[in-house]
Each structure stands twice: as C-alpha cells, then as structure tokens.
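As written, the chains take the letters A, B, C, D and E, and residue 1 is the first residue of each chain.
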Amino acid sequence: MTDPRSLSPLDLDTPDKTFLDANELVINMGPQHPATHGVLRVILRLDGEKVLGLECVIGYLHRGVEKIAENRTYTMFNPYVDRMDYVAAVSNGLGYCEAVERLLSVEAPPRAQYIRVILTELNRIASHQLWLGTHALDIGAITPLFYTFRDREEILKIFEKYCGARLTTHAFRIGGLQYEAYDGFERDVKNFVSFVKPKIDEYEELLTTNRIWLERTKGVGVISGKDCIALGVTGPVLRASGVKWDIRKAQPYANYKNFDFEIPTGENGDTYDRYIVRMIEMRQSLRIIEQAVEGIPEGPIMAKVPKVMKPPVGEVYHSIEAPKGELGYFIVSDGSTQPYRVRVRPPSFVNLQALDLMCRDQLVADVIAVIGTLDIVLGEVDR
Amino acid sequence: MHALVQYIESYLSSDKTPGTAGNWFWATVYVLLVFVGLSIAVIAMNWLERKILAHMQVRLGPMRVGPHGLLQPIADALKLLLKEDIIPDGADKVVFWIAPFIVVLAAFTVFVVVPFGPTHAITDMNIGILFMLGVSSLSVLGIVTAGWASNSHYPLIGALRSSAQMVSYEVAMGLAVVSAILMTSLNESSTGTLSMIGIVEAQKAQGEWFLFKFFPLGIIAFAIFAIAMVAETNRAPFDLPEAESELTAGFHTEYSGFRWSLFFLAEYSAMIAVSSIAVTLWLGGWLRPFPNLLHGTTWDLAFSFIPGIAFLLLGAMCFYNTARMPKHPLFKIQTIGLAGFGAVLALIGLVMFLPPVRERVGDIFWFSAKVAGFMYLYIWYRGTFPRYRFDQLMKVGWKVLLPTGLALLICTALWAMRSEVWTQVVVPVGMGFADFVRRLL
Amino acid sequence: MLFLDHIYLIPLLPAFGAAFMFFFGRKLTKQTVSAVCVGVVVLAFLFACGAVLQYNVWAGANNHQPFQKIVYTWLGTDTGHLNFFKQDGSAANFQIDAGFLLDPLSAIWLLFVTGVGMLIHIYSIGYMAHEGGYYRFFGYLNLFMFSMLTLILANNYALMFVGWEGVGLCSYLLIGFYFHRKSASDAANKAFIVNRIGDAGFILGMFFIAWLMGSLRYVDVNAAARSGHFQIGDPLITAATLLLFVGACGKSAQLPLYVWLPDAMEGPTPVSALIHAATMVTAGVYMVARSNALFVLAPTSMKTVAIVGALTAIFAASIGLVQNDIKRVLAYSTVSQLGYMFLALGVGAFAAGVFHVFTHAFFKALLFLGAGSVIHAMSGEQDMRNMGDLRNRIPTTYWTMFIATLAIAGIPPFAGFFSKDEILWQSWATESVAYHLLWYIGYATAFMTAFYMFRLIYLTFWSKPRMSHDVEHHIHESPASMTMPLVVLAVMSLFAGFLGFPQSLARLVGIHGETNRFEAYLAPVFAKEAPVFAKEEPGQLAAGTKEEEKSSGTEYLLMFLSVGAAAFGWYMAGRSYREADKGYVEPINALSPPVYNTLLNKYYVDEGYDYVFTGRRKLGGVRLGAMGLGEASSWFDANVVDGAVNASGWLTRVVASLSSWWDKWIIDGVGVNGPAILARMLSYPARLLEWGLVQWYALVMTAGLVGFVFYYVYH
Amino acid sequence: MNPQIAGNPPVATPYFFYGLAAIMIIGGILVITRKNAVHSALALITTLLAQAALYLMLYAPFVAGVQIILYAGGIMVLFLFVIMLISIERAEKERQFNKQWLVGIAAAAALGGLFITVYTATTKGRVLFPEGRTSYVDMQNTQGIANLLFDQHGGTYMFAFEIASLLLLVAIIGAVVMAKKRI
Amino acid sequence: MHAMTDISTLHYLVLGAALFLLGVIGVLTRRNVVIVLMSIELILNAVNLNLVAFSRYWQSIHGPSALHGQVFAIFVITDAAAEAAVGLGILIAFFRNKETVNVDEVNLLKW
C-alpha cells in the first residue's frame, strides 16, 4: 500500500470502480449533512472505510463581508463582523474595534477594557460550550448537548441584559463601549461563575473517563505541532499539539497582561487532547472573569473619538485570540471615512486546512469526529 | 351464553398453550392479543423513550399533544400514515416494497413462542429458542434488501454495516444462549430442552434463576447476551447503521411515511423480543421473585396484589400531576384528560385485585415488568453513551465477546459435568500419576 | 614514545567521529553529536601536542631527522605484482606506504590544523545550534579533519594525494551543505571542478617524480634531489615542479584557478573559516614547501611561483577593495594572503612563507569566525551596506575582530606584521633588481589590505546603523561557545608573531642570539638548500641565508614603509567610511566608476571563463571551451558516425526482408504450419470434451446420470 | 370442540402441503428465470422458508430450525452480501442464458421423464417406491438427533460430525484466502 | 375434514424431483454464476426434502428414534454452507480479476 500522504491531490475524475474492488470510492458529504456544522461540503476518497484523502468545498455561505467593508464607514461596518463567527460575536467585535483603535491611535479607557475582557471571556465559554455539545453529538453522545445549551443560556442572558442582543451582540464600539454596565452586572457575572463551575465538572463526568469516548477520541485526528505551525493552525488545536501559543500571552492585547491565567497544552495532538484543552480553557476563562470582575475600575467608558472617523493613511494588522484561534484584521486606510481594504484572518478557515492531513488514514467515522474537534463555523470560513 | 362462558372457563383452566393444544380459535385470539399488546407496547415505549430521555437531558419532551404528550405517539402514527409515500427514482420498486415487511414479519413472528406465562404463549415449540434466534436473524434480510433497493450510497453502507454487525453479534449471542440451555439439562428428571416454557420450568425446578447459576458463569453469559442484544437491535451505543452524523439514517434513509414506521415498529418489537429471550433464559421468565423461598398461599396472595398496586400507583401519579396542572382555562381539557387517564389506570388496578383476574395476570405482569426493565436500560444507554466506531464495534464482537463466550461455554460444560470430570478424568489421572510416582520411588 | 609510535591515531580519531556520524548520526541528539565530534578533535589536538613534544625530544637525539612510521605497505614492487622502471631504465624498489612522517614542517601544520580546527568545532556548536543536518555537518567536519591530517602526516606524495582529494571532497560537501540552495550547489560544483584541474596537474607532477626518482617518499625524493645527480634547471624537474604548482594553484586558489574560493563562501561560516581560510587552502603552500628540494632545482618554477603569487596578491586585494559581502571581502583577502605566501616561497623564503601561513591561520580564522558571529547577530544578513554601529552591541566580536584586523594589516606588534614584513624584506633582499618589482606589488597590496580590512571594520562596527528595524531588534552577542574561540584566537593573533621575531629588530632592542625561533625550528627542513644555490647560481636567489641579508638600515626602512602603508590604509578607510550612512558613496566609485565596476565585477573573470573555457556563453556565435567541444563532437557523432551506422543498417534490412519472405512463406507456410493445421483439424472432435466451459461438463454429467438411471431401471 | 382432549391432531392438512409446494415450485422457477440476482435470491429465500414449513409438517422441527437459521439467516445473507459487492447492472443487460441452453433443458427433460417412469414403475413385481403413509409419532425430535450425533457411547455419527466441523474450518480458511485482497 | 387423501412420502418425492429438475436447468443454462450457485442450493434442498421425507417413512417403520435421514439433512446443510462460502469466495476472486460474473467466460484454467 502506498503511503496515502504521497498521493496526488484528490482526483475527482477517478472512475468509481466496483464497490468490491473498492480501491477508490468517492463519496460526497454535505453540504446538507448533519455532521458538517453548516454548509461544508467534503469530498472523500475512500478505500473501504479508510480515508485516502479529502477535499473541502466551501463558499456556500459567502456573503462578501470583506467587500462590503469597503463601502461602509468604520462605524457602520462594526455590526457586520458579528456575523462571521456568530457563536463568538463578541470576540469578532473586539478584534475589529481594537484594530481600528490602533489605526486611530486611541486606546479604550481602562473601565471599558475590563468590561470587554469579561464579555469576551464569557463568549469564549459560550463558544466552547456550543462546540462541546455539537462535538459530542457528532460522536453519538446526545445528552451533553442539552447540558451545555442550558448553561450557555445563562451567558446569553447576561449579554441580553447588557446590550439587548443575544447572539450577534455588537457589544463594543470603536474607542470603548456604548453602554455602561447595567446595575447588578458584577453580581450576575459572579453568580454565573459560581453557577457554571460545577457544571463543567458535570460535562467532564459524562465524557472524560467514558470508555467509548476515549476510544473514539484518543489517537484520532492526530496532528503534530510542526504540521500545525506549517499550516498556520492556531487556537486550541495548536495548543493541544503541544505548542504553547496564545495571543493573550504572546502579544497581550486589551489588558490581558494584568490577569493571571495559564495556557493549557496537550501532548499528543489528538481529539482527546483538544477536548481536554478546551475544558481547561473554560476554567481558565472563569479565572480571568473572576479577577476582572473584582477589579473593574471606575471611569469613562469611551475614549475621545471623532464623530467622523478619518484614520490617517496607513495599514494595521491586529489579531486577538478568539475561541477558535487567532482572529486577525488587516485594515488599510486611505484617509477617507471608509476603509480601503479589510482583510480578515479567520481561525476557522485556516484550521480547516488541516482537515485533510488529520483525516488521512483514518476511518469515515473519524472524519466526523475531526470536523467536530476542529470547531469550525462556516460563517467565518466563507465570510 | 352459558356455554360460551363455560368454554372460556374451561380454556382458562387448561394447562396447555393453544398451539400445543392445537386449538385454532384460541391460537388466533392469542395472536391478535399479542399483536395488539405489542403495538400498544411499542407506542408506549415510544412515548416513554422520549419522556425519559428528555428528563435525562434536562428538558420536558413532548408536552403539547394530550396531557404530558400522552397522545403524541398517536399523532405521530397518524402523521406517518398520512404522509406521502416516496419511492426514489432508480430504486428497485418490488424489493423496496417488500423489505420493510420482511423486517416487521420477522420481528413479530418471534412472539409466537414468547412465554408470558406457563400457558400464556401462542404455542410451545420443541425448538422454541432456536426458532426465536432463527426468525429474528431473518430481519437482516429485510435490512440488507432495504439498503440495496434504495439505490443510494448511505443506505447501502448502512445496510452492509448493519448486517455485518448483526451477523457478528449473533455468534456471541448464540454461544451465551447455548450455555444457558446447557443449564436446563441439569434437572434431575429432564434431559434439557430448547422450549421456552421448558427453560423457565427448569429454572423453577432447579430453584434459581440461571443468572445466578454456577456463579459467576451465569452472570457472564447474561452480560454477553445483554451486550450482544443491544448490538443486535442496532441501538445506542451500537447504532452505527443509523448513525445520523455519519450515514444520515442508515438503511432507511430513503424510506418515509408508512414504510418508515414499519421499520420503527420492527425495531422496537425486536428490542422487546430479545429482552424477552434474556428474561426467559436468565431472569426466570414469568416467575415472581423468590417463588421457592417465599412460597405458600400467604406469600402467593401477597405477591398477587403487587400488579394491582402498581397500577394504582401509576393512577395516583396521574392524579398528582393533574393537581399540578396549570389552572389556566386553556389547560382544562388536558387536565381532564390526565385525570381520566389516571382513572382508567386506577380502574385497571382495581380490576386486578379481583381474585380470578389477579390469579392469572401475575405471570404476565412479572414478565412484562422484567422486560420493561430492559427497555429502560436501552433508553439509559442511549442517554449516556457516545457511539462506537465500526472497527471498534467489530473488535468488541469478535475479539472480546466471542472468545469469552467460547471459554464460558467450555467452563459451563466442565462445571456441569464436574462429578464425571472428577471421577473419570481427574481421579484416574491422579491415580496414574501417583502410581507413576510410587514406581519411580 | 607513546604518541609518536601511534601517530596514525591522530587522523583516525576524526575518522572515527565521521564514521560514527555516518552510521548513527541521524538518531543521535545534538548534544551527543557535539560531544562525539568535538571530543575526537580535542583528543586529536591533545594527541598532536603530545606527539610534537615527543618529536622535539626525539629529534634532538636523532640529528633532526624526520620521524617516519610506516603502518603497512599499500602498494609496491616487493609485493610481487608490480615492476617499476625509472627514467634511466633502472629498476626501482617502488613502494607506496600507509606511512606517517613528522618533521618540523608537518609539526607546525599539525599543531595549527588541530588547534584551529578544535576551536572552530567548538564555535560550530553554537553557530549551527539551530540548523538542520547538524550531525551531517559535524560528520563532514570530522571527515575533513581526517583528510587534512592525512595530507599533512603522509610520508609520501601518494598518501598526500589521498588526503588532498579527501579535503577536496569535504570542501565540496561543505560548500554544498545547504544543497537546497541552487547557488550553494553551483558553488560546490565549481569548487570541485576547478580543483580537479589543479589535481590533474598534481597527479601528473607526481608521476614525473616517481618516474625520475623511483620513489614517492619524501625522504627518498629529497635525498635524490640533494644528491647532486640532477642539474639545476633540469627541464624534467622544471616540468614536474610546474605541474605540482598547478595543483597548488588549484588547491590554494592562485591565479588563474582562484575563482572557486570566493564562491565557496556559500558554505556555513565555520567551514569558510576552517577550510577556506585557515587550513585546506594552505595545502598548496604545504606541498610546495614540502617539495622545496625539487623547487630549488628549477629556478623557472620558482620565478613562476613568485610572479603568480605576487599577481594573485594584488589582484585579489584590488577586488577586495569594493566587495560588499562581508564574507567575500574576507575570501578575497584570503586569496591575496595566499598570494603573499607563494611570493615568499617563490623568492626562496620558505620559512617566511610558512610563518605567514601560521600567523594567517589564526587571524584569518578569527576574522571569519568573527564575521560568522556578526552574521549570527544580524539574523543572517551578510551585506555590509546594511550593517553599521555594531561595536557596542557585540563588543567581544568587535574587539577580537579588531585585533585580527590589526594583525592582517601588519600593524606591530601583531602577528601579521612580523610574517608579512619578513616576506616583503625577503623579496626586496633578492639580488635581482627585477625582483624589486615584486616588492612594489607586495607593498601596494599591503596598503590595499589595510584599506579594505579597515573598511570592513568601519562599515560593520562603526558608521551609522543601516540595518532594518526587525534586524536591529534581534542583535545580540553570540553564545559563549562562539565567543570563547574568538578570544583564544585573538590572543594567538596577538602573540604568535613573536615566534618569528626578526633578528634585526631584536638587535635594535638589544637582544642577541636566536630570536627568529620559527625559522630556526624549520631550519632542518629548509637549510640544506642554501649551499646548492650558493654554488650553482649565486646572486639569483637570496633564500634564507642570513649571510646575504642587506644592511639592517634597509630593513628598518622597509619596515617603516610597510607600517606606514598600513597606517595610511587605516587612515584612508577611516576617512571614507567612518561616518558612512545609508546611501554612502564608495570613494573608488567617486573617483572612477569604470574602475569601480570592473573591480566590483571581479575583472569579469568569471564571465571570461564562461566565454572561453566552459562555453556557457557564445563568443560571437561560436561556442568555445568544454561545451563547444561537446557540441562539435555531438555534431560529428550525429552526422558522420551515425550516418555510417544507418547506411549499414539499411543494407542489412534489405537483405533481411528477402530472407524473411522466404522464411515466412516457404519454410513456415509449407514446412511447419502445414502439419500443424492438419493436426488441429484432426484433433477437433477430441477437444469437444474438454473445452473449458463448466456448464458443458455439468451437461455431460447430467447425460451420464440419465444414462445410469436408465440402465438401472431398464436393464 | 374441547381443547382439553385435542391430543395430537394432524399438524396440517393437505391444503397446506399443496400450498407450500406451489410456493416452492413458483419460487424455484423465479430463481432460475429472474434477470436480477437479488430477486432470484429473494425467491430462493421464499422457497427455503416454505421448505422449512414442510419440514415442520414432516415432524422434523430441528431440521426446520436449522434450515431457517443456516439457510435463510446465514447462507442467503452471504449471497445477498456478495451480490451487493459485485455490480450487477452489467450482468442484467447481458444475455441471461448460455449457448447450450436448449441442450440443457433437453437433458433435464430426459431426466424428468426418467423420474416419472421411475416413480410409476414396478420392477419384477416389486413396487420401486411404495406408497408410504406417514404416521404421527409424538417424540422428542431434538433429543433424538442429538442422541444420534453424540450420545454417551460415541454416537453413530460422531465421527461424521467431527469431519463436518473440519470441513467447515477448511471452507472458512479457503473462503477467506480467496476473497481477501491482501492477506 | 379429510377430503383429500393424506399426503404420502411420494408426494414429497415428486416435489423434490421437481425442485431438483429446476435446479438442474438453472445450473445448465444460466450464465450468471450467482444464480448457478443458487440453483445448486435448490438441488441440495431437493435432496434434503427427500431425505427428511424418507426419514419420516423410516420412522414409521423402525420407530421414532430412526432419525438418520434428518441427521443426513443436517450434514447436507453443513456442506451447503461450506460450499456457499467457498463458491462465493471463488466468485469474488473471479470477479475481481475478470470484472464479470458470467460462467461461460471462465474457460481458461488460469488467467
């Protein structure tokens, strides 16, 4: 048997030989498929149940967000970014706002920074909870989905109370915040922290030592740190492969350098390690939230920003650690009120490149597990 | 009129099943009863699975159709019957038609020999357990043809998986069953039997459930069977053939409406059927708990009240929930419905206290209760476990269960023959060895 | 005598390291690799020190003969498979041994090769720490050490040639270490091919020697040469020495075969330091010095050596004036300094040439290692135009390099001053006035050397920072494993010169007696030549005879002049480059752009070679050189040779088709196939029973069944 | 009719026999005439099940059970599996009968004629196949077969049974060796 | 009730003969190997039917334990299983090499 990694890229013209001879069977998964998390289409080339290679076909959800940006003012474009990774809308907004702030050379006041951190970390927990539920569902455990959605609801309630929206929040403004934290915001956040801590143990009880879960995830979709770096994979996937890279630590933004937290890493880079890493990340996020909510300073929530934003001519690349990995914004300003070009570096899109490598030589059922463990959001992949 | 009553009474006091007795009329009545009972059981199972699973998953489950969604299965059934029946283009129409019927037929036919009581079976066959295994294995044919006839990749893979899985686990299942059958021959008078009723009678005669016989051999056999039967019915965590995240819906992806509901019916009937086998072989079938230890008329009387009490408790639960219903006018009908349902249950409970009834429904109640326990297990598995991968499933079947089953069979046989083994093997060999040692010295 | 008796262990230790890397290197960690490879070289160095000390004791008791240790005879007449006849027709007892020889000349080489090699090995640990192919690199380095030590310690030309080829191979491997870079592999090929030309000369010269002398052992050859049997100016000896010198030109990068050395800078910097500055390139010098007994018999060869050396020196130095790549400047400097050494050899000042080799090894290795450290600090940047103002960022590197620059420029009292001055003085001191021209050339070169070296220092360490932001951010001093060798080498550059403290200066400061210890130590190797000159050709060559030195006054003047030239070079460089900022103007460019461009493009020598020798470019529509020859022979082959072949083929075909017709229709048709067709027709009925269709068999079975039942029922 | 005294009534009436026989014959004809191998296999399954019912009528319940488990549940599943593995679209479009089909049918007809003559023949005053009447014996069929196969004193067919197990082992290995692409 | 005559052994024999003939025709005329194998199963089943019928007849003469015919039938079924496994294995190997299931295209001893 030749090493499947040495095979040429998927050749879709390969004739579908007889099922028996089954050297190569080409199967189309998606775009309408329960396990592809949206409208991802995967063309699999199989030898029996073994994956020889696969190709992702994307673009079914393309809305031209980057192009739209060129015809909107900086302020007007802000809500659009929420629609990319819609399960982590707050993170998207944070990245965009900070990028434009850098372009304008302003900095949000400390109080705004703290509230931003709290909301972003809450959103990270929400994103991971959603990931856990759907991932477990893909592998066949249906119950965790309901547990996680129940607890995610509490986060969405806080969002709703804060800004009125639950999913596409548009929580931040360039230069700070639009809304002051409502009365009892701190109390709500503290309550949530104490509420969700035992719940995370509950998820782990269901899965972490479950024999079938271990068999389905250990050694599945292994990717080495080197390959991760070569492919540009970031986020929990990279960390599970043993690379300690988190932008919150590596290039601190907002005021993450004021908080004490750890970056979990895995060893084997398999699906199980990614699961563990995300579970620990949720706990670490709670740690950050606890510290942040204790230390919210008083003061203004909005920096001095001109009504009509005309950033100086120039360009800026700013990236943050979104729940799925490095989310970067590259904005070119030509001095007018509208950006000349906005380019988004979405973590899901980049991480999806690793799918082929991770699925080679695995079984079809593992493809499902691997898609789940990559934690992609098609809105962000296609933009 | 009197003659009719007398006829019925004479039948009820018979000690034979209608099939054994060759009574066509009663056999037909029994077939109808079993069919109707089974359908009700499947409907109830449908509702219960949804409710129990929902409560495991911190949600309510069906609540709208009828009080606490009690009428939901009926609504579903109506919907399925009224749905358009789609046959995909390019499908093999004849086979596509026949396949669900094969599955349903196989699932229902096995109930011909299921003993709900010493006389409460349609017939008692000489080869009862063999018949059950054989006919239930016929459902593989239906699944394979269904998958093939759909002319689509996912059903075909699902069907192949399903049949490979069922064929594989049948082997382990068969070995576990054989070791139980071996135990029936240890009766002083009997020479062993394949008859379902005979197996239960053997347990009664030997004074213990086969589950506890030759501890721990009986329990191991039961465990093998309990695992294999989950795989055999394609239920979680062995539900690969219909793993929706991989194969959409497995072999019945292309089926809809009435024909789909047949598959549904067959799946649940098969679950009940294999649970019945387990109950019959290891859990003493219709026997009430401790029939030998707590015997005597007083204990009989005490135990015969339990079915009625159980129904009364169910009725009481309904009434309690009725009281908890919202007092809004919109809920009026539901409240009344729930109360009515409770009343019916309570009435049934009361009827079960009547001496002629309570003396005869005890067997059926205990059998059904044990089967219901298995049904709950099925639901519990589904709420807890992720799904196995196919190679892991095959590994469990062939590398774990099959060798264990073989070893178990040999151990059971040796244990059963231990006196012969002792007198004819161990003692002569030991004597010979002693002789050898003596000569050596 | 432990060390002397087991002298063969010195080359074998690195050979063991190389073999270990070859077989197991891939699996080893970097720590293990460095421990093994550096360890064996350190051991070799210690062993070499021991051997030299023992030799000195031994030589004192044995009339300063060379020490020989013959391990086994590799090939020779006494093995019975070889008959050897000399030029005069007499049979000779010709032998080639795996033998080792230690005398003052090889002792000096042995010490600085192992010593500098050891330092560079240690340096490489730090330099290569983040590179791929770590074990490969060290394996090659060890293999190089093995080859070089074989070259040095061989007791005959044949074994020397083994080492000679070995170092060539290692040089090829190490230049092409980054083989994924096209430029690196091209440079490696170039080095190998150019060396091959020189090697051809060497091997022919070796044949001449064997033919003339009947032996390749140094002791035999020297004895024969000094026996007076040969006349001075013997044409055969001249031919042999000229051929040997061709080999030396190839290996030591002299005109016109120097072209490979600048390109060899594609290799890692430690390699440049070890092979292409300190050790391997001096192999030519070693070989000529080793053959001194022959060379003195051939004055024409001596002149050639001197002239080529002087021309190379000024030629390379002038190119070095304008190069921008820090390593290239050093490469041309190396070529230039090698020219000096050959100049010294050519004028008969063998000891002076060897002394320059010795001092040059230290300061040039130091310069290269320092350049490597700079490159390391600059994140791989090699262009001096993008450096500047590094002296405070990497002070150790700066100071050590500064010392080396002072040494190479010839500022007293650094090592270079003594050796270079000795060469200049010796070339002036020759009788023939024509030789004074060589002194002028050498003098101009000395000025240029000072200029371009201080240009390097100013552009790199002084002037304004011109590097990009990112690079500037990362500037850092190298690790200790890299700076430690720098310091050691700097100390050596400072003090090595005092080994050859000139007699005249010593007199000046009031010291009497033998101060030029170096020359004295080498005396047993070279001194014997003097009488030969004196007798045969007085006045032509000054050689190392102190009696014929001119007055000390002239020597002081010359010293003062050369120091003045160096100082003036320093001053000029400082004036031009001290304040250089982005977009500074080269002074030569400002003076005369055509000259500048010619120098910048290295006198267009590479292009010229492409036109004339390789034929890579067409000269007026005609392809010359190797490729031209290939094209011509290809045309000849395709048209003339193949045409003849095709014609004979056509003839054969015509005849064959006639024969084929006869065979096909008459022999096969009637004679062979006829019976076969007959047989097939006859066998068809039998075939019906067995024609392979399963169902036909079943049918036959059924028929049989019918028959049997029928018989059973009705019989 | 009193169920108590039913005793051992005939298991089935002749209607059952003729009905089952008709199913079997029709099934057999379908097996050899269908283009689609899956249809053939389904027809064969029908035939086999009907035959199992005939075994029950012949008071051979154990054989009937084995017929269902092994034939219908085992061998035919194997057949269906293989049919699905090989693509049959092409086979359906081709000629279904071979070139000597006429000769084959003629040979079969001759055999059939012989069967008829044999079943109706008498030789030398002796009826070749007597009109045997089945009588109904109540017995423990399974135990009887078990006694023949392996009773305590060696069993009449014990050796044959062991040989059969060996045969099955050989068949398993052979099938695996032949069907597997890479061993 | 018993309007028809009872079913005798000969009835079964005739049925068996008919099945046997169908099987023979299938084996002799069909090209599809799968169907040929199924026809062989038909033949084996016809034989089994005869065996069980004779066993029944034998029982009526020699008593209820004379079950030799049924034991034979079980052996035949065993053989049928082995034959099907090996036959289908050959078929798969054949199909893999020749891409056909037609028996008359297998007229070479090796390919």
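Here is the rule we go by: a residue touches a chain if its C-beta (ideal position, glycine included) is under 8 Å from a C-beta of that chain, and two chains touch if they have at least 3 such contacts.
Not measured: the values here are computed from a predicted model.
J.: Among the chains, which is located farthest from subunit B on the basis of C-alpha centroids?
T.: Greatest centre separation from subunit B goes to chain C.
J.: If you average the Cα atoms per chain, which one ends up farthest from subunit D?
T.: With centres defined by C-alpha atoms, farthest from subunit D sits C.
J.: By raw count of C-beta pairs in contact, what's the busiest chain pair here?
T.: Comparing chain pairs, contacts are most numerous for D-E.
J.: Any idea which chain sits dead centre by C-alpha averages?
T.: Central chain: A.
J.: Please compute the C-alpha centroid of subunit A, do the same for subunit B, then give the distance between them in whole Å.
T.: 46
J.: Rounded to a whole Å, what is the gap between the Cα centroids of subunit A and subunit C?
T.: For subunit A versus subunit C, the centre distance works out to 57 Å.
J.: Can you give the whole-Å distance between the Cα centres of subunit A and subunit D?
T.: 63
J.: Would you kindly tell me how far, in whole Å, the mean C-alpha position of subunit D lies from that of subunit C?
T.: 90
J.: Name the residues of subunit B that each touch 2 or more other chains.
T.: 156
J.: Multi-chain contacts in subunit A: which residues touch at least two other chains?
T.: 18-20
J.: Quick one: which residues in subunit D touch 2 or more of the other chains?
T.: Residues 62, 66, 74, 84-86, 98, 100, 103-104, 107-108, 111, 141.
J.: Okay, in this complex, where on subunit D does subunit C touch?
T.: Listed in rising order, the residues of subunit D that touch subunit C are 98, 100, 103-104, 107-108, 110-111, 114, 117-118, 121, 123.
J.: What residues on subunit C touch subunit E, complex-wise?
T.: Within the complex, subunit C touches subunit E at residues 691-695, 698-699, 702.
J.: Under the definition above, what is the set of subunit A residues touching subunit B in their complex?
T.: Within the complex, subunit A touches subunit B at residues 19, 27, 33-35, 49, 136-143, 145-147, 150, 206-207, 210, 212-213, 215-216, 363-366, 368.
J.: What residues of subunit B sit close enough to touch subunit D in their complex?
T.: 10-11, 14, 16, 18, 21-23, 26, 92, 94-95, 98, 125-127, 130-131, 133-135, 137-138, 140-141, 144-145, 148-149, 156, 159-160, 163, 167, 170, 191-192, 194
J.: Quick check: in the complex, which residue numbers of subunit E touch subunit C?
T.: Touch residues, subunit E against subunit C: 24, 27-29, 36, 103-104, 106-109.
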